[in-house]
Every structure is written in C-alpha cells, then in structure tokens.
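Reviewing the structure listed below.
We call the chains A, B, C and D, going by the order they appear; numbering starts again at 1 in every chain.
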Amino acid sequence: MDVTPELSRREKLRDIIFGTDTKAGRYFDLGLIVCIVLSVALVFLDTIESVNSRYGTWIRIAEWGFTGIFTLEYLLRLYCSAKPWQYARSFYGVVDLLSILPSYLALFFPGANFTLVIRVLRLFRIFRVLKLLRYLSEGNVLLRAMMQSSRKVFLFFFSVSLIVMVLSAVMYVVEGPENGFSSMPQSIYWTIVTITTVGYGDITPQTPLGQGIAAFTMLIGYSIIAIPTGILTSEISQEVVRRKDLRRCSNCLKSGHELNALYCDKCGSELETDL
Amino acid sequence: MDVTPELSRREKLRDIIFGTDTKAGRYFDLGLIVCIVLSVALVFLDTIESVNSRYGTWIRIAEWGFTGIFTLEYLLRLYCSAKPWQYARSFYGVVDLLSILPSYLALFFPGANFTLVIRVLRLFRIFRVLKLLRYLSEGNVLLRAMMQSSRKVFLFFFSVSLIVMVLSAVMYVVEGPENGFSSMPQSIYWTIVTITTVGYGDITPQTPLGQGIAAFTMLIGYSIIAIPTGILTSEISQEVVRRKDLRRCSNCLKSGHELNALYCDKCGSELETDL
Amino acid sequence: MDVTPELSRREKLRDIIFGTDTKAGRYFDLGLIVCIVLSVALVFLDTIESVNSRYGTWIRIAEWGFTGIFTLEYLLRLYCSAKPWQYARSFYGVVDLLSILPSYLALFFPGANFTLVIRVLRLFRIFRVLKLLRYLSEGNVLLRAMMQSSRKVFLFFFSVSLIVMVLSAVMYVVEGPENGFSSMPQSIYWTIVTITTVGYGDITPQTPLGQGIAAFTMLIGYSIIAIPTGILTSEISQEVVRRKDLRRCSNCLKSGHELNALYCDKCGSELETDL
Amino acid sequence: MDVTPELSRREKLRDIIFGTDTKAGRYFDLGLIVCIVLSVALVFLDTIESVNSRYGTWIRIAEWGFTGIFTLEYLLRLYCSAKPWQYARSFYGVVDLLSILPSYLALFFPGANFTLVIRVLRLFRIFRVLKLLRYLSEGNVLLRAMMQSSRKVFLFFFSVSLIVMVLSAVMYVVEGPENGFSSMPQSIYWTIVTITTVGYGDITPQTPLGQGIAAFTMLIGYSIIAIPTGILTSEISQEVVRRKDLRRCSNCLKSGHELNALYCDKCGSELETDL
C-alpha cells in the first residue's frame, strides 16, 4: 500500500482520536473525559448565585478555554474521519456540535441579563455530558436485556396509563378543584406522583372517600412496581445464559464458561472479555 | 354459498369493524384510535379553566363531532355483529355505550353550572379510553403470570392488611387525634401512605415513640415490597419456560424455541408469534 | 369404642368449631369471619367523631352483641377442646381472650372520658382481627421462603442499620439542630425516612452539603432496595422447585408436576393441592 | 514446642481477644458487643436536650467508663497481636483507635460549648458502631453477589447520572429560580429526590410543563428501579448455585448440597457451614 504522507497522518490521527487501541488514543480519551467533567462542573458552579457574582470572570475565561478545546476536537474529528459529512450527521457529531455552539451563540446576545435565553444556552452546554456516552461500551448485557423486553415494557406502560387515566378522572370527580385537583392534567400529575410512590404531598386528598381511593392507588402502585422488575430480571437471567454460550475458548473451543471467568477452566488459556 | 347481497355487505362490514386482517379493517382501527386519543385529550383540555373559558365553544363543537363518530361506530357494530344483543351486553359493548351516553345525558341538564353532575358526566367521558383495551392483545405473558400468581398475591394483601390494621391501631393510641391521627380510618390512611413508601407528609408522627414505630413501619414496607416482586418474577420465569414449549414449528414440529425467535432454528420455516 | 353421649357431643362440637371438614364447621367459620370483620368495622366507625356522636348508642349495643358472640365462642372452645388449659395458653387462645377482655374491662372505667384508657382498650379490640390468622393456611410457599431467607434478611438489616447510624451521625453534624436534626434519634428517623424512599418532607436538609449527603443516602436506599428482593426471589424460585419435587401423583408416583397442575399429566388422576 | 510462659500467655490472650473458638473468647466478644451497643445508645441519649440537661453528669461518667474499657481493649489488642504495627494500621485498628480518641481530644477543648467541635467529636464516637463489623462474617453470599455485579452497578449509576443531569438542566430551564430550582446543584438534588421516588416535596414543579417533565422523571425512576434488582437477583441466583458446588462433604466427598443443609444427604456426616 503506498499512501501519501498526508493521508497516513490523517489515519494516525484517526487512530488517536476515534480509536482506543494506541497509547496516545487512550491519553486523548482520558484528557477529553477530564475536560468534559470539569466543564460540566463549571456550568454547575456558574448557576450558583454567590459563586457567579464572585468568580464570574474566572468562570467565563475557563468556559472559553473549554470551548476552544472542544472546537479543536470537533474540527480534528471532521478533518480526520473517513467520511466527514457522515460523522457530522451522526449522533456523536451532533452532540459534539451542540457542546460548542451555545458559547458562540451567546456572543449574539451580548447585553442579555439573567434571562431565559441565557438559561437555555446553559442547558445546551450541559449536553456536553452526552459526549461521555461514547465511552459506554455498547452491546452490554443491560442494554440488550432492555431491548429484548422493550415490547413487554411498552405494554406495561400502556396498561399503567389506562389505570392512571381512570383513577385521575375518579379523583377529579371525588375531590374536585377545591382540594387542589383543579384540572384533569393536575389530577393525572397527582396520580403519577402517587402510583410511582414518590408522594410529594403538594396535592393530597382531603375527603375520606378521596383518601380511600388514594390508598387503593398506592396499593396498586405497590403491586405493579413488581412487574417491570419481573420482566427485566427474567430477561437478564436469560441474557446471562445466552452470553455464556457465546463465550468460547479460542484454544480448546469449550463454551459455557462462567460470565466472569478470565481463563478457560478446561485448558487454562485466556478468554476474551467483552462485557 | 349463496348469500343475499345484504348479508354479504354486513359480513364485509364486520370484517372491517371487528377484524384486523383486511387493509380497510386496519385503517378503521387506526382512525378509531386517533379519535379516542383526540377526544380524551379534549376532555382534559376542557377541565383547564383558562382553556375552557377561551376555547369553550370550539371544544363543545369538537366534542359533538366525536360523539357523532362514536355513535355511528356503536350503531354500525350493533348492525353488523352476528348477535347484536350479545355484543351490547359484552364488556366492550357497555364501554362503547358509556362513551357516548354522557354527551346525550348532558342535554337533560341544560342550565347546569360547573357542578358535580357535569363533573360526573365528564368522568364517564374519560372511560372512552377503555375502548383502547380492545387493541391490547389478550393472553400475553404478563396477564397470565398475574393470573397464575393471583392466589399468592391475595394471600400477600391479606397479610399486609392485618399488619396495617395492627400498626394503625398502635399509632392511633400513641399519637392520638392531637397529632393528626384523628380516627382509625385516618390512621389506616397514614399507615398505607407509609408502608407503600409514598410518604405525602400531610400526617407525620410527632412524638418520639410514634416516630420509632413509624421507622419500624417503613422498614417493614421496605422489606415486604420484595414479596410481590419475588412472586411475579418467579412466575414470569416459569411462564417464559412454559411458552417456549407451547410454540411448535408447523413444518418440523420442533418445540422449545426461544421466546423471540421468528424462525424455527431447526428447519428455518417461519414461526407464528402470538405474544 | 364406646363413648358417653356427653363426650361424643363434645367431639361433635370440636369438629364444628375447630375443624373445617364438616358442613356445619364451614358455616361456623364463615359466620365467625363475618362477625370479626363487622366488629372491626364497628371499632373503626366508633373512632370517627361525627359517627360516634350520632350513632354512639347503636354502636355500643352492637359492640356488646359481638362481645357476647365472641365470649360464647371462647367458652365453647374451652369446653370442647381436648386440653382446655393448653388451648387457653396457645396463641389463638390468648387472641380470643384479648378480643373480649377490653369490653369487660371498660366496665371498670365507667366515667372515663375520651382518654388514653379508652383508646388503649379500643386498640386491644382491634386485635380481634388476629383471629383471622386461623384461616391463613400455614406452611405456604411465602412463609417458608421468608423463613429460609431469614438469616440473610437479618444480616441485611444489620448492615442497613450500620449505614443508617453512620449517615445519621454525619447529617447531625452537617445540618445540626437549627435545621430540624435536633438529636441523634431525630436524625436516625430522618435517615430511615429517606433510605426507605418514604420521604415525608417534615425534616429536609437545608445546607448544600447536607443536600449532597441526602442525595447520596437516597441513591444508597435506591440500590439496596434490590437486595431483599434478590434474596426472596431466588428463595421463592428454589422453594417452587422444591415443592415440585414434593408433589407426587398417588396413582402412578410421577413427581415434578407444575405447581398449579390439578391432574397428573401422565395418568390423569387428581393431584392433592396443599398450597 | 517450648515457649516462654510470657509468650504462651500472649498467645492465650490472642485466642481470647482475636479468636472465637474458645469459651472465654466468645464471652469476651459478647461483652464487647454489649459495651459497644450501650455506649452508642449513650451517645444518642446525650444528643437529646432534655435527657442531657437532667442526666448529663451520669452520661459523662458512663462515657468515661466505656472509654476506659475500649482503651484497655485497644492496648490488649496491641500487646497480644503477633504484628502490633500491622494491626494498628489495619481497618479495625483504625476503627478501634477512632472509638477512643474523641473522648481524649475533648479534654483539649474544656470550655467548649455546644458547638461544631463537640458535635464532630460526637460523630466520631458513633463510629464505635463499626467495631461490630468484625462480627459480620465475611465472604457471605450477599457481599460476593454485590462484588460480582459491581461493574454492572457502576455502569447503571453512570447511566443514571447522565439521565439525572439532562433532566436537571431541562427542569432548571423550565421552572427556573422563581419556583425553587435556584441553581443546577439544587435542580440535581430535586431530580435525585424524584427519580429515587423519595419525594420530600420541599421543591415541587409549579408550571404545567414542569409537572409534565416531573411525571416523566417519576416514570423513568419507576422503570429503572427494576434494573439493580434484576442484576442482583440474577447474581444471587448464580451465587447460590456456585455455593452449592463449593460445599463438599468431608466424609464421602459428595458436593452440590442444598445451601442450608446441615448434614450430608448421602452419608449423614455433619457439613461445615460458612455462610
């Protein structure tokens, strides 16, 4: 293969930036994770009134530093990826763009006080945290178990929402606007707060009949909390068995090892772990 | 078979309205689902004071539109079902009737203000949501698992209610009316709020002894929350195994397929899915 | 065997009162259950101020009626049991006595107003509900699974109480009496309210550090809620397998039937159910 | 073996203090547990204002008594352990030191009123409870199951914290400082209170949109509560199977006994229990 030095440099960079196999690639990833965590912490500190008024200038400076780092990262990714346009439109491409855009957009609202625009821009800055998703190994047991049981979970939530609506309507009639159940959406909010056992206590039933129906709602919530657990548990157990069959010793071809075995228990050669 | 054109038209209509196999039948179902969701959303909007006062007339008009559609649907179902009387008395027949009746009944209370009658009629309008039950496939794993474990769940709730009563009586004596435990039903309401870990905070123990018993109640609730989960999980796992055996390849007669297999893993012919 | 008519009558009565095999025995049990439920409902109604002031006299009369019935039942059980003294000292003997005693004791406090004595006596009247325990089949799967896992559950609660104490002490130092954490017991009460996810909101952390520790406490509670569930689920699953082996067809001796099978799936003869 | 009497006395003491095999050793452990529980109870009582003002002197005297006992215990452990320096640096050595230090340190703050110093010293006194950890058998099923699933649980909490941050940012923008979401940390506190279904109710959404997002947050919390349960349950089930294989009868070498079997079910000789 004869590649131009230019191309080979791009490929090297790609290995560092997109890959995790080289030493430089791992250092790049580590540095990026540190930057993400620090810049998110900065956004948090910025929203605390007392911190903002005292260290505001320093936070602004550090903010621009991180924006510079992430802009550089974005441009490098665009430059060295094999298909830049495909990267730009991918989930991670959009996340990378969203994590630098707010800082530049803020330049267009120079005189803006502590208003909604500022708050929304800050919100988008938080999405930087999604850059970390890259480092969550995909295809893990949890995600696959959730995918497998997604249909049952959908059925479950559909049934729950039917129950919630009927109970909300009953409570709306029984308690009425005078006890805080001022509208159906408000009543649905109360029912969800109750059935998920959150129980803020900002809206509570006042009439004896309402309290009785509330107690019934809680007991329903208490019972059906078991259903997603049951589904997922049985799915994870199955997934574990399925994965056991997948792991096969490359030396003696024995399969069905313990999920956390590091060496084949028959011939002693190392097993690959892909959890 | 020589059927009169009249009869054959009824049969065709029946296929569309009750069946889901023809294309027209699927469109009819989809249209109906959209109507149900929209009309329920309308009932919700109607209960919000600000929306009601501004768009009241439009909501009233749309309401009558949906009532017309559901009335037409009800009459069509009555007309084309093989045994109209049996349909009318069936669960879905009653639900279909209940979803149109309130609108007509409201005509008899013309001068009614925002009173209980209006609220109750609105409640019944919400029951339209139950029309969606038709589209929940029956005989699914969840429902069967719940049926199978219903006896254990009943035993569980019986034991819980014994615990609740004894704890309520103790708290009623310890805290008394001066701390919000004004009567036994009130005390039972508090115990259920606590044992299900909802915890509104509208009634809370004030005496040290009461707080101790409350802490004990919470720990009991925390422990027994595991019991329905355990029952259901073990039931779902069994149900999954049972279903594996039920699915039989129509070509090679092999049974015991994975629950989400689409093709027979022995001969490759398609399997029927009935979840 | 030649028994005196007197003895045989006692034995007949014993069959009716203690047994459930004869028709008369089942009617006796049913009647007793109805009496227990009604008399407990009466105690509830009695504590509601408005009901008490209006129907007080009727409740008093009905109360004495039920006391009479339970007294008669107690005397009959004493009379016809083979070893009266053993019955009197047994759990059910004590419960039966406790359910009639309060009414007679109340005679000794004739002029008592709505005071603690009255409330305590009423509390004991509630214990009538424990008479229902007789009708809970013992040796069921749930109870055995709980017994089997009792040691692990104890270990679990021991660990939880260690965590609770350390967190309580930390919160007591961080928040202090000025934010409602007025003493260690109060702080422990707050920690249990939080770790069990009840969350009344009567005591809430006010300082940023306290809120951070509170969030940590909640996440711990959220995680360890899984432990009793895991223990019990695995125990119930094992118990189910164990029971499967226990059920043996009396005709063909085949064991390992489904837990809810009514007939042997090999020879078709009826199986005994003992859940 | 000829050992000097001095050495043999140290070894005897070591058997008593560190071991649990001799009768004296068990009595020593029992006495120590009683002392720990009593002294912790004393710290609790001390923080209650009314108890402190009345029995303050007695509590102080008893406190010094327990400090004396624990000092003696610490010195004895140092004296008779084979490697005193290793003991002093071990976890239990540090805990033993921490449980006596606060009392001596308090002497340096003689005139201190009810201030932070006192409270912090009291906090450290509570850590005496950690001395009980010694008596928790290690290597039990629960701990091993938690260790085994620690990686999955970490992945789970990582995903949860991503969800929490995004939801917090959205709620901060939607509700804003005027409804109690005064800063991002405050908003994160609210999200954790909601997603763990604790629900204090000290901060609640006020706008309809905020209530909608809150309801969504609750439903997410309700669903993902199942995930740690599923992981741990499947891990405990596996652990139970694994432990079955580990226990081997020392007489006939049969393995695979029931987890709570006390005797070998093949030859009847006693099994060792190591739960």
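Everything below uses one rule, namely that a residue touches a chain if its C-beta (ideal position, glycine included) is under 8 Å from a C-beta of that chain, and two chains touch if they have at least 3 such contacts.
Treat the numbers as computed from the prediction; the structure is a model and nothing was measured.
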item: Self-contact between copies chain B and chain C, residue sets same or different by half; value: different
item: Recurring contact interface, reference A-D, options A-C, A-B or B-D [over half identical by residue number]; value: A-B
item: Centroid spacing, where centroids are CA-atom means, of chain A and chain C in whole angstrom; value: 43
item: Distance between the centres, which are taken as Cα means, of chain D and chain C, whole angstrom; value: 30
item: Residue numbers of chain D (touch at least two other chains); value: 185, 188, 197-201, 225, 229, 231, 233, 237
item: Complex contacts: residues of chain D adjacent to chain A; value: 148, 151-152, 155-156, 158-159, 162, 165-166, 168-170, 172-173, 176, 182-185, 188, 194, 197-201, 204, 208, 211-212, 214-215, 218-219, 221-223, 225-227, 229-231, 233-234, 237-238
item: Residues of chain A touching chain D in the complex; value: 40, 43-44, 46-49, 116, 119-120, 122-123, 126-127, 129-130, 132-133, 136, 140-142, 145-146, 153, 157, 185-186, 188-189, 192-193, 196-202, 225, 228-229, 231-233, 235-237, 240, 259-260, 275
item: In the complex, chain B residues that touch chain D; value: 197-201, 229, 233
